[in-house]
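Have a look at these structures, which come just after this line.
Okay, so subunit A shows up in both of these, paired with subunit B first and subunit C after.
What follows is the complex of A and B.
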């Protein structure tokens, strides 16, 4: 009595072999793309036309701004990159750590097109709402960052250089 | 039908020792799986080191059925842009969303989240009067991702007969498979 004439045994073997194969392919996908250098070219990031508001209902400050971006992210994409979540991050210390995303965009891979982001005087997508009245005259930095979502594998972030900026010295009414 | 009678025949022809061996084998497989899971929990500092995405609110990055590996080491510290899984108060459902603002105040970390596919942030989901989530709400941060595969667990959950069929299948195989002879 051999063991393979049993239908359940056959199903079992083929199923787990298939799973094993898929796992091996996924591992190869990850390993082969891990060491590829992902170059990027962020030509400029700047923040202008700041506005500052005092929200007395919730006791926090709110800020709005326009920003200009020029970046070429074509070389971030390799065969294991599904999409990138691109965002503009504002960091400030009061003196504790605070971070806010003021704009974001999802960019898919496109084999044929260059992935360039060029925005001039773009209105911020999200109003900065902090936790308390802590923005007046505050120094901060703006950084263009992006999270790389792979087809399968490690999820990681990359960023370009930070640009210094400052919140308004008084409220804009 | 043939498969069932074959299986039953095989099971009946095993002597007591072989049946005991099969049972021990089955227990070994189960306990190894359990050990691996517990190891994952310890290494990731998270109670749920692996989760399946249940909603479409993080599309197109993560779809229903995708598998996410989580870690709660806080190293590097939680930042905006991170995708985290969190639970609200006493509600059962874990939510997979992205952190869009972070404020450290005294010893606490306040975060605001939003699903990529949602137009507004999560304040509408938080409890009445709650404006932020904190460390105690977090289950983990995403560091590894496998697409599609988790859809099986969603099917198993939505169609209980499927779950029973699968378990029966695995028990049958576990009890009747044997090492090759000669």
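What follows is the complex of A and C.
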């Protein structure tokens, strides 16, 4: 009996043929995602109901906001998208630059239809907190960003257009 | 001939080795291609992974053990005189 095709050689070659073929098809999957056009239709992002608090205990400002988001998520999901991490980022200067995520959501590919309804009106998840009383009347921009986590391949980041906004001129209470 | 641990299972002849190699290559390749086409249609890459996994397991079961269809061409040894 030759050693070439004894029982361990057959086990080894059939196992690694399957693994090799799966790797080759995964590489084809990565290659195909370069040709699929990614559309993410963000119709509008707007901050609607903002509240600004003066935290006298810790000597800082806190801002809380609601926002409307009109976006169509259906076209971002191709066959190589596992989930997207969607977040709203507020960018302001006081006077150094700050980037704060006020809302985020992990959207799996099978949650698509309920998300489409849910996205229309949202309450911010996280407060904006500063180091002193320096948030009144600051100009800011709100940007909807998302990171796409694919099944095979690299994670990449995309974003919509920035919308200008302003913090309130006086405290809300 | 030295009898190792793996030889407890038994051996297969040369034609059986050729048949076993053909079998696992065709089974894995065809089922992976079918799974890839299905995952293109349904846009779920998971089907390719399932196809590779199950066809690999199936072909390991098919080629690992010395099934009787691998021993249909026994070697004809020359007599000693």
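Please note the rule applied: the second predicted complex is superposed on the first by the 144 of 173 C-alpha atoms of A that agree within 3 Å, B and C clash if a C-alpha of one lies under 4 Å from a C-alpha of the other, contacts with A are read in each partner's own complex, and residues count from 1 in each chain.
Here is the rule we go by: a residue touches a chain if its C-beta (ideal position, glycine included) is under 8 Å from a C-beta of that chain, and two chains touch if they have at least 3 such contacts.
None of the values given here were measured: they were computed from a predicted structure.
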| item | value |
| --- | --- |
| Contacts of A:29 with subunit B and subunit C, given as first, second, both or neither | second |
| Chain touching more of subunit A, residue-wise (subunit B, subunit C) | B |
| First (subunit B), second (subunit C), both or neither touched by A:85 | first |
| Which superposed partner A:7 touches (first subunit B, second subunit C, both, neither) | both |
| Subunit B versus subunit C as contact partner of A:17, first or second or both or neither | second |
| Which of subunit B and subunit C A:152 touches, first, second, both or neither | both |
| Residues of subunit A that lie at the interface with subunit B and also at the interface with subunit C | 1, 5-8, 26, 151-152 |
| Complex contacts: residues of subunit A adjacent to subunit B | 1, 3, 5-9, 12, 26, 58, 82-83, 85, 87, 89, 96-101, 104, 106, 108, 126, 128-132, 145, 147, 149-155, 157 |
| Residues of subunit A that touch subunit C when the two form their complex | 1-2, 4-8, 10-11, 13-15, 17-19, 21-22, 25-26, 28-29, 77-80, 151-152 |
| Complex contacts: residues of subunit B adjacent to subunit A | 2-3, 6-7, 10, 60-62, 77, 79-83, 98, 100-105, 110, 116, 131-132, 142-147, 169, 172-173, 176-178, 180-181 |
| Residue numbers on subunit C that touch subunit A, as the complex places them | 1, 6-7, 9, 11-12, 14, 17, 20-21, 24-25, 28-29, 32, 36, 39-40, 43-46, 48-49, 52-53, 55-56, 59-60, 63-64, 66 |
